[in-house]
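Following: one structure in structure tokens, then a few remarks.
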Amino acid sequence: MLTKGDPMNKPIMMDLRVAPLKDVVRQLCEPESCKEVCRAPMHDQPMPSIPALTEIVDRLKGILFPGYFGDSEVTPESLTYYIGAGLDRVYRLLIEQIKRGYCFLCRFNGEEDCDDCQEVAVDLATRFITILPHIRALLATDVQAAMAGDPAAKTPGEIIFSYPSITALTHYRIAHELYHLGVDMIPRIICEMAHSKTGIDIHPGAEIGNHFFIDHGTGTVIGETSIIGNNVRLYQGVTLGAKSFPKDAAGQIIKGLPRHPVIEDDVIIYSGATILGRVTIGKGSVIGGNVWVTESVPPGSRLTQQRPSSQLFSGGEGI
Amino acid sequence: MLTKGDPMNKPIMMDLRVAPLKDVVRQLCEPESCKEVCRAPMHDQPMPSIPALTEIVDRLKGILFPGYFGDSEVTPESLTYYIGAGLDRVYRLLIEQIKRGYCFLCRFNGEEDCDDCQEVAVDLATRFITILPHIRALLATDVQAAMAGDPAAKTPGEIIFSYPSITALTHYRIAHELYHLGVDMIPRIICEMAHSKTGIDIHPGAEIGNHFFIDHGTGTVIGETSIIGNNVRLYQGVTLGAKSFPKDAAGQIIKGLPRHPVIEDDVIIYSGATILGRVTIGKGSVIGGNVWVTESVPPGSRLTQQRPSSQLFSGGEGI
Amino acid sequence: MLTKGDPMNKPIMMDLRVAPLKDVVRQLCEPESCKEVCRAPMHDQPMPSIPALTEIVDRLKGILFPGYFGDSEVTPESLTYYIGAGLDRVYRLLIEQIKRGYCFLCRFNGEEDCDDCQEVAVDLATRFITILPHIRALLATDVQAAMAGDPAAKTPGEIIFSYPSITALTHYRIAHELYHLGVDMIPRIICEMAHSKTGIDIHPGAEIGNHFFIDHGTGTVIGETSIIGNNVRLYQGVTLGAKSFPKDAAGQIIKGLPRHPVIEDDVIIYSGATILGRVTIGKGSVIGGNVWVTESVPPGSRLTQQRPSSQLFSGGEGI
Amino acid sequence: MLTKGDPMNKPIMMDLRVAPLKDVVRQLCEPESCKEVCRAPMHDQPMPSIPALTEIVDRLKGILFPGYFGDSEVTPESLTYYIGAGLDRVYRLLIEQIKRGYCFLCRFNGEEDCDDCQEVAVDLATRFITILPHIRALLATDVQAAMAGDPAAKTPGEIIFSYPSITALTHYRIAHELYHLGVDMIPRIICEMAHSKTGIDIHPGAEIGNHFFIDHGTGTVIGETSIIGNNVRLYQGVTLGAKSFPKDAAGQIIKGLPRHPVIEDDVIIYSGATILGRVTIGKGSVIGGNVWVTESVPPGSRLTQQRPSSQLFSGGEGI
Amino acid sequence: MLTKGDPMNKPIMMDLRVAPLKDVVRQLCEPESCKEVCRAPMHDQPMPSIPALTEIVDRLKGILFPGYFGDSEVTPESLTYYIGAGLDRVYRLLIEQIKRGYCFLCRFNGEEDCDDCQEVAVDLATRFITILPHIRALLATDVQAAMAGDPAAKTPGEIIFSYPSITALTHYRIAHELYHLGVDMIPRIICEMAHSKTGIDIHPGAEIGNHFFIDHGTGTVIGETSIIGNNVRLYQGVTLGAKSFPKDAAGQIIKGLPRHPVIEDDVIIYSGATILGRVTIGKGSVIGGNVWVTESVPPGSRLTQQRPSSQLFSGGEGI
Amino acid sequence: MLTKGDPMNKPIMMDLRVAPLKDVVRQLCEPESCKEVCRAPMHDQPMPSIPALTEIVDRLKGILFPGYFGDSEVTPESLTYYIGAGLDRVYRLLIEQIKRGYCFLCRFNGEEDCDDCQEVAVDLATRFITILPHIRALLATDVQAAMAGDPAAKTPGEIIFSYPSITALTHYRIAHELYHLGVDMIPRIICEMAHSKTGIDIHPGAEIGNHFFIDHGTGTVIGETSIIGNNVRLYQGVTLGAKSFPKDAAGQIIKGLPRHPVIEDDVIIYSGATILGRVTIGKGSVIGGNVWVTESVPPGSRLTQQRPSSQLFSGGEGI
């Protein structure tokens, strides 16, 4: 460490200060160091914009739940204006972001160019907005499911405005439709936004029926190829995951295979349960908390963890 | 997909673009679609304001922990000014938000109006601020508990400034007092703010004693009717939840019944433990991680999961 | 509650309103109430600044992953300028924050002063920036590990831009180097930022090898003295924690002892597993979800929870 | 000045630092000092909000000149939505600000209260928005006048988007209608906003015909009781002011009397001309720059300053 | 005005409230009302962005005067990084804005399209940045002129940082080069930004030599075809304007003709002087304040206003 | 211009794009180009911060005019808290800015250092805040003067809240006291802020008595050594300037000499009047608009411009 009193220190320190800056910049710009961590932009498209996607989702919330989000003093008379203006804005923003997501993963280069990206993006955004009434109808059933499944809930409005389950499902149901339309990158980002905010990690590829409710939700994970029926309720920390990943002859993981559970209608899964692999939890089953399930169970099953081992002990902290 | 080269495409695309906008707006404004998802405001009150509530909690943190949050260069001389100005501002903001929360759930309409909402809100806000010294005293014990319970903690200041446990408990202890005063909606929102930030989900209705500490905390859930004694320590992923919800004759869940655990003094519960129902964990017990507990345990108990089944295996990935 | 119609109410209410404000301010300023919760600043240093630390980490992301974060349209030609400008800015901001963190925990007072804090901070910041190429090289292996370990991942770019694992590891690997340099307070805050955003709680003191991947991640905790080898994969909700804390003769927890697990190379740990204490999980082991492990396991082990007890049941909700 | 080396200085300095703070605060809170400079709020109404008024005017610009301001990508199809949503928002904001302006100058107190402020504000805001088409029609003539009067102008769009004359007149024409409706305080603030931005100071009480243009505009002042006909053009630095203010018997200025010029149709007034008092500049007159006019001039007049005195001089700076 | 006590008022008020909104929206959307005030976008280009232009000019200030604006702690070592990163950012932003300005005034439509706008904009932005060293050299002479011409100035740094003359000239010299490159719309907007901030209105088309200084500056106007030599000093409120505008056979103003004064080297013009038309103020002349000049004056002239008429008067206010 | 169709264009364009960037950066970093326009920081002090100075002035407005600016709902009870907290914040911010301003002009280097800058800054800030009651008392007389001098003014509150005269004088009176304390740089910046906002340019060195009012104000300039008595009223565009600047033997302007007018008590000066040099306008004089005055006038004088030359003319535009 440098000693202040030494009159030689200041210049030396200054040299120290300058030298590594130049040197570190040089190292960080070397092709070898940049490989794999620097973006080589395709088609001159910038990255998807998190602020734009945030605005898109926020405005969609205002459109799906008028009066709860966005311009909260919507009246029946002004509803058309607000929904129309919001939707037009979403539509324009979405075209740009779809195009960026599309180009982000674009593999074409050299001879092939990206001339129809704009047209594709317009087409996909157009299709997406026509699905909004359907998305709203599904979310309305999710609100009912929360109302029915949480004794602490007093009104649907409270659920819409403050329940993480509705936040996560709004993001998921939007992202899922974009995913099905073939939009790249953007659906995943939209779901990650909800993951960061709620701790609920639903892959946009999962299929989820109506009347779905995740209580508390932190740590719950629903994998890409999961299929969930109607009227299912999960709690926090539930994992619907994959057990193992088949590899191809070259030793590479084969992507896209069904590898997550199928949860049939009317199932309840308590907190911390881990269900792995392409197994089926039969209709109406109840899965207790903290269990580890890697095999299918028939309809109407009740699964609980083995009773813990118990003993009295005379103190000391820890276990 | 549209082909760019076709001279007819642009007009067609424009029609496509316009048509669904109008049509989707119309669908989204239909009464049938709006039912249950649109807010019909009561008494012309806007929704509670998340930015205002954020300011309220941030200023309360600056009042409860002077010098750590807000104007960080508070001196003994300026302390009165900063606390006075902060408190006056909180008081005014809180009156407005209490009123909004109160009206949000208000069931009166037609003949009954909301004329005394303002007076009620003033009264409740006034009562709330008198409780602040008590809230601070409790939080001071929570800081002590973290200091005693985490070998990685070096100073109380570090805990106050950066531990999620203190963040979550500050929100909870504020929200809990508002909940007891009968404030609607707002306590839940304040706790959800902390839930989103820390992953710790404490219902404002829970009763929690002094010297409470949640280490790491992500995924921990403490339900509405839980009762927690003094000097309790939880880890991440602990659930104090409800097992089942009795229904009334009409098949509706009966709300408000005691349905969450009672945790007596000096209990430690390790990560991922799930304790469900109105059971009692006796004084001084230690509950091991990942257990599933649905029955009461006597004081001084030590509960651990059954030992895992173990085997050697020669490789392959996954399980 | 006050009744509106009474003409005497307004003055009374005003008195009520005024009285507690003054009284509560007075109570909150009493030395007894302030003790332990008010900061007595050392050396006139303000608290570490969360916005400054956020800028530091955001700019470091732009330096480590050029084109993905920050100025996204970086070209090979402009790379040097952007990295140079970003690094100079980080360097200046970091000196200030290191100094604040250092003084925050500073125990010297009275006769000893803080005159060399500035020099120490310059020295530490200088050392830190020279480590950045090393940090980037490690993170590049983490991206590869995610690509290899998640069948849903399509490109490295998608992982860099949107995977919580990379967010958490970028914060951790930055914080870890600062921690090793002896910087106080700041590393912990940087890791808590990622904890809040991703639900992944890695203590900056933990030692983690290359090719590390945490899938989903919410609720995963890696304690201060954990040691993790190369090519390890964890899932959400995994705890690498401490079992108990030895106390000294005075009954105080002894801080700094090794008390967290050692995870050897090529281990996979599934969601919700809790591993406590200074135990070793041998090379190549696979730990199933939701298990509770407090003893070492040899290399090549496969550990799973006992099978759940199962029964059919004819209905009713709950468990 | 304090000397650093003296060990006694720090405490002394601290005392110096503390003492005046308390003392100055006390002085500044004394009733005598506060008199006339502190606001005693009427009816518990806060001050008019500059940010809210800024939003009102900005949104009105987007409504009056669609596509130029606000959401710039308005199409014929989305026009109704954007104007509807913008107008509804303006309407709500305006009600609140009218009420504040009204109460700001309210002279009633004690026995009389402000119970109908809300109704009055709703009524005035409602009337105001019905005048918007008229305001737009007038502004369209102002754009034409600028196009005709400035050889540097290439398109109407350029004038709408960037000419200070249009900015000032948009503010003025909005404020003037509010002024005529009897709104207090707010019109003046709206005109001052334009004054600050453009240097053009038009009192909202002035009467101005169609096709009005102020080129450059900085320093031009149009007083409260000015009357300006159609097709008038002013340049920068023109004053239409009052010469003297008659006083009443008590020596107080009599407010509200006509005291500013009348400018008839088709007049041009060049930069820096000062015209004071209730004089009339006859139709079609041209007033040269920098003249001082305190008497009426007949239609068709041309007024210029006396030729300057001129001489050659052999150098030196200044005059 | 509505009376609160009447139970019928609320519905009536609501009707009043609703009715005009719909009606006004309809009126404001009628083609007749929209004509001339609504933008019909060309080539789907949005309007030039004021925030982007503000960023461009702010970054250019940081590039032209390093250490004074922008990242103020630039050192010789980091200078290259900051200028390089700033310039790259300006370059990208400028391409977009040039394109928008170009399209804003674009007259092509139908058969002709705007396919080369992007190439043109890239070309113009490229040319512009090569001129920056020249712009800086000119501005350095302007700083010298202010230092020489204002006895209140103590250092060049103070002039660079706080004098409106330098602000206005920086905007002008940037805008002037863009104007000469043929960029549409953008130069005018950049000059209007300075006009709004300083009250100095310089048209980007004016030609201005080196060592130029405008003291105080508010209200000074320099018209489009003005020519100003080297070492000229103006004060506030000086007009270099046009006297009259020749019209073509159709009665339309002929645009683009030389119509503003020529000011030769070493001239001083005092505050409030108005000089109109294509006249020449000969080298070394001094023009006194408030004069009205519409004829050329030879080199070395000294022009002052006729002495005012003076009289003693015994009081009364006003004139 | 580049043609799109040519397949060779893109690479060429890219080269063009890259080449000048590097080249221009190099040119702009050459010492010759940087000379005089780059800041060589003294004592490692950053530039004064405009946002910090803006906050200082805004908070001072809230302290000087409680209830009008800042936290507008101040009550007699909370006044002390708000003024105390605001003043403490101003005090801390001001110390830092005074230090920066002091170092900005600091001429010491090499052997002499800046070790007592901090102490000086603390001392000056301490002295400044004790002057605030005096500043407020003066501003209260300025409000009275505006009330008495403007027939359009209805209440003092309106004047405080919206008159540019009060804005300019608040900045001036704050800056003037800092100027007298010997603070460098900062007073000038504070006055320039008001100049930009109001068009009124008062040098902080000017001496101005009580009951001062500038109506409209745009373009009014009051030079550094001006002396203005009590009860003076100016209008827009008035110049109190310098006529010529004596030079020393070396041809350098001698700085600091008295060179601006003395305006005695009870004088009124109408818009656009220019008064230059160390002349005296005697008590109670009235100076008409647009006059050019370079000689003293006795008390009680009335000065007006020569009558303009007038003629009728039959049309044509312009003059």
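Order as written gives the chain letters A, B, C, D, E and F; numbering starts at 1 within each chain.
FYI, contacts are C-beta pairs under 8 Å (C-beta built on N, C-alpha and C of every residue); 3 or more make two chains touch, one makes a residue touch a chain.
Going by UniProt, the chains are A, B, C, D, E, F = serine O-acetyltransferase.
Please read all numbers here as calculations on a predicted model, not as lab measurements.
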Intersection of the contact lists for subunit C (serine O-acetyltransferase) and subunit E (serine O-acetyltransferase): A, F
Size of the rotation, in steps of 5 degrees, that lays the CA trace of subunit B (serine O-acetyltransferase) over subunit C (serine O-acetyltransferase): 120
Intercentroid distance (Cα basis), subunit C (serine O-acetyltransferase) paired with subunit A (serine O-acetyltransferase), Å: 21
Euclidean distance of C-alpha centroids - subunit B (serine O-acetyltransferase) vs subunit F (serine O-acetyltransferase), Å: 51
For subunit C (serine O-acetyltransferase), residues contacting two or more additional chains: 21, 25, 73, 75, 78, 80-81, 83-84, 87-88, 199, 218-219, 237, 245, 270, 272, 276, 288, 290-291, 304-306, 317-319
Pairwise touch network: line, ring, star, complete, or other: other
Chain pairs in mutual contact under the definition given at the outset: A-B, A-C, A-D, A-E, B-C, B-D, B-F, C-E, C-F, D-E, D-F, E-F
Of all residues in subunit E (serine O-acetyltransferase), those that touch subunit C (serine O-acetyltransferase) in their complex: 71, 73, 75, 78, 80-89, 92
Subunit C (serine O-acetyltransferase) partner contacts - residues on subunit A (serine O-acetyltransferase) that touch it in the complex: 1-4, 9, 13, 16-17, 20-21, 23-25, 27-29, 33-41, 44, 46-48, 104-105, 185, 188-189, 192, 195-196, 199, 201, 203, 205, 218-219, 221, 223-224, 237, 239, 241-242, 245, 253-257, 259, 268, 270, 272-274, 276, 284, 286, 288, 290-293, 297-298, 300-306, 316-319
Footprint of subunit C (serine O-acetyltransferase) on subunit B (serine O-acetyltransferase) - complex, ascending: 63-68, 72-74, 79-80, 83-84, 87-88, 91, 115-116, 119-120, 122-123, 126, 129-130, 132-133, 136-137, 139-140, 143-144, 148-149, 151-158, 160-164, 197-199, 216, 218-219, 235-237, 242-245, 270-272, 276, 288-291, 294, 304-315, 317-319
Subunit B (serine O-acetyltransferase) - residues contacting subunit D (serine O-acetyltransferase), complex: 18, 21-22, 25, 75, 77-78, 81
